[in-house]
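Here come two complexes built around subunit A, the first alongside subunit B, the second alongside subunit C.
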Partner chain A sequence: MRLKKNIATSESGFIFHPGTGDSFSANPIGADILLQLKEGVAPSDIKKTILDKYDVTANMVEKDWDDFSAQLREANLLEL
Partner chain B sequence: MDQDIEPIVIAVTGLNAIDSPGPGVAVIRALRDGLPKNIRIIGLAYETLEPGIYLHDVVDKTYQIPYPSAGSDALLARLKYIHQQEKINVIIPNFDAELHNFIKVSPALKALGIQTFLPTQQQLDARDKINLFQFTAMHGLMAPMDKIIYSADELYGCAEIMGYPLVVKGKFYDAIIANTFEQAQKAFFKLTAKWGFPIIVQQFIAGTEINIAVLGDGKGNATSIIPMRKLYITDKGKAWAGITLEDESLINIATTFVKATKWKGGCELEIMRTADGRAFFMEINPRFPAWIYLTAGAGQNQPAALVKMAMGEAIQPYTDYAVGKMFIRYAWDHITDVTEFQQISGLGEL
Partner chain C sequence: MTKLPYERPQILKMNAGLMNKYGTRTEYEPVKHIDGIPVKTLIAKYGSPVFVISERTMRSTYRSIQRSFATRYPKVQMAWSYKTNYINAVCNVYHQEGSWGEVVSGFEYRKALGNGVPGNKIIFNGPEKTTAELELAINNDSLIHIDHFDEMYQLIDISDRMNKKPRVAIRVNMDTGIYPIWDRFGFNYENGTAWSALTKIVESGKLNLVGLHCHIGTYMMVTTAYSIAASKLCDLAWNCKTQLNTTIQYLDMGGGLPTANDLRGAYLPAKDTIPSVDEFAEAIASTILNYGFKTEDLPLLILETGRAMIDDAGFLLGSVLANKRLSDGRRATIMDFGVNILFTSFWYEHKISPAQDFTQHTEECVLYGPLCMNIDVVRSAITLPLLNRGDQVVVHRVGAYNMTQWMQFIQMRPNVVMIDESGESHLIRATETMEYIEIPERMPEHLKTVKL
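Let's turn to the complex of A and B:
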């Protein structure tokens, strides 16, 4: 999963797509994931960090990850 | 020092900064941002309640001019009078309906020392909404299928070809989306009553509305291109907020348009981009749009560049602009006195 190069994100979770003018808001965990994706951190490493940081099962992380990816894809924010 | 230099006197129309605004006030704001401080702005107004007339920090002096229907001779006579008072350097007309007359009188204006930077009558006619489909097809661009009609009965044939919804458009302004024959018929009569014949019936295209402000140098080069997506649209279809976009395909479309037409002056390309990324030309407006001040905000001050080009300065095409630059329009109650209204109404000057 790779964010499009021109997508702008902020620490507050604001996401801006300069090609469409669309903007979105992510919650703090979503914002953290986006910043790491922008920095080129591998999804597996991001998931591992979440597992270490939060009281959550691996299954739940996978499920939420898939859900979040689907939202990003729907919003046209991911590289095809 | 700016004060020591003879002021550049620029006359501007379209001072109707109302809910369906003319571009004049936005053009002037851009001029005041991008040109020396001692420019003098002359407003040219048709109606006595055009807000720009009363905004004295925007417009230095306003003169009423005759309606376009009075013809080009009446316009020229009035402009000659105003020129005697003001020594105008450049005129920027901002209404579709007045352009024909301004283009017609532009050689006479030039002889008086007044510069314009306008498309030719041929360019103006070619992009007319009546010719849009043919025009875009000729240049490898896309526009919705359309049909020019003179009778409401012809709507049946349009619906058979295009299906519903379809868009019923007036000759100059206004567009109504019709989902049934009855709605289309009602729109036909409403628009013919307002704008006359013909009526343009256009295939409905679903997508995202994008507008592009363009300044062409008249030699096939686009001096400036700024694409903007409407973020908030009024019930009259006007952008009340918008944001600049980064999209090479939009820049390419505008470049193709300018190259094909050798467009001279400002214009606005109204584009509908479908979910699968196709860009349809909905209209080509032959003047700056009301949101033109955003081009100054984004780093390509189109009105200021137009004035410089009109006065013979060579302007290198802009390449960069700020993406994500937004405008949010606002309404503001300006307080004035009846004496001002009386003066513009009685004397035609303020």
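Let's turn to the complex of A and C:
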């Protein structure tokens, strides 16, 4: 899963897609994931960081990761 | 090291354009306690889902409604509408407050008797009353409200046979400017049927005509309808006195007062649009007082307010079973309660509050119940914080009709708990069991064994 290169993100969770002009806001954990994706961190490492940092089970992270991917795809923010 | 609370990742598209003046957030504070008891404690003790009734709210609402009428009219009597919620503990709170019983079936009648309501303080309404039930009501000197001519003649026959003269009223339906008119119950005012019934009752010499009853609708949003109804009942009472030489002792204005629950499809929130109980009381009381009765001839004013009496006192606590995304991208959240126990979700957009802390991030979602049925939609669109599996919610204003119209369908009906005025919780109706459900079932001999 890779973010499109031209997508602008900020630490506060603001996302801008210059291709479509759409903007989005992410909650803190969503913003964190997007920043790591932009830096090229592997999804498996990002999930591990979430598990270490947050009070959550691996199954829930896995389920929510899939759902977040679907949201990013729906928003046209991912490389095909 | 303590880990941070988790919230599932989310992005939300920002839309340019005019702002919605009503905003998108529906909740700003979690509701973690009901009358001082933590929601988590209630669910841990009684399971999820669970209905919770606040006795404190019941009593304060009763006193508030009673005060609204009693400060405007000298003779007021409340009669608890059993069909609104006939769990015995609930009924007895209102009976302790002084409410009579208002019942619409033999089943409810026997419940009222069982709760200790004297027979002469039971109002027997409704279109179905069997001969045995009428005989019981006559023997108990109850107030029998006649719904149709067949019932009137049935009652005359029974009275003749028993050589007793029961106290009766007729239910009157009428045009109060609210449509459709509830003309399926009682006798019509405008076309003269009501007057015809009153004449026949008096001329029969077998029945003691003591009252007039109407119930013009439900969730009424204009007070003028009650003014019109009170005026028409006064007109009939006046004519009974002057033309039939019969004094009408009471006017029963029924129920129908609304609560702050939002009706489905309503543009504005109910709390901004419904009149207060004071306004309804003023409309009814001033109409009767100004009609022209002598002070000593003023009829007793009876009210059968059910919904407005108990809705606010009822809460449904439940938990999130699952989250999923629908094919069109919408979020769906599946709760452990559905339309089977929250029947009012068919016509209300219930207020639902999370029962734990949440962030400012929200998402619009569809709220489904647990039933494997497509109709099981609690809210078709609601903006809620990002709930996770196991998170708990509080559904507000569910005291009226849910605990009577609920269905044992696919799932069992849950525990009902009452929190008393000192903050103690009491189980007042236990969740159903497999054994309870199967008590009425019978198995034919040839179906007792199955081999697959």
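Methods note: the second predicted complex is superposed on the first by the 80 of 80 C-alpha atoms of A that agree within 3 Å, B and C clash if a C-alpha of one lies under 4 Å from a C-alpha of the other, contacts with A are read in each partner's own complex, and residues count from 1 in each chain.
Following the convention adopted for this analysis, a contact is a pair of C-beta atoms (placed from the backbone, for glycine too) under 8 Å apart; a residue touches a chain by one contact, two chains touch by 3 or more.
All of these numbers come straight from a predicted model, not from anything done at the bench.
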If you stack the two complexes on chain A, which partner ends up touching A:19: first (subunit B), second (subunit C), both, or neither? first
Given the touch rule stated above, what does A:29 touch, subunit B (first), subunit C (second), both, or neither? second
Touch check for A:7: first (subunit B), second (subunit C), both, or neither? neither
One more residue to check, A:37. First (subunit B), second (subunit C), both or neither? neither
Looking at A:46 after the superposition, I want to know if it touches subunit B, subunit C, both of them or none. Which is it: first, second, both, neither? neither
In the superposed arrangement, does subunit B or subunit C reach more residues of subunit A? C
With the two structures laid over each other on chain A, which partner does A:68 touch: subunit B (first), subunit C (second), both, or neither? second
Counting only contacts in the complex, subunit A reaches subunit B at residues 6, 8, 16, 18-21
State the interface residues of subunit C toward subunit A in the complex, per the touch definition above. 3-14, 323, 325, 329, 359, 361, 386, 388-389
Inside the complex, what are the residues of subunit A that reach subunit C? 15, 22-30, 33-34, 50, 53-56, 60, 64-65, 67-68, 70-72, 74-75, 77
For subunit B, which residues are in contact with subunit A within the complex? 208, 229, 231, 242-243, 245-247, 323-324
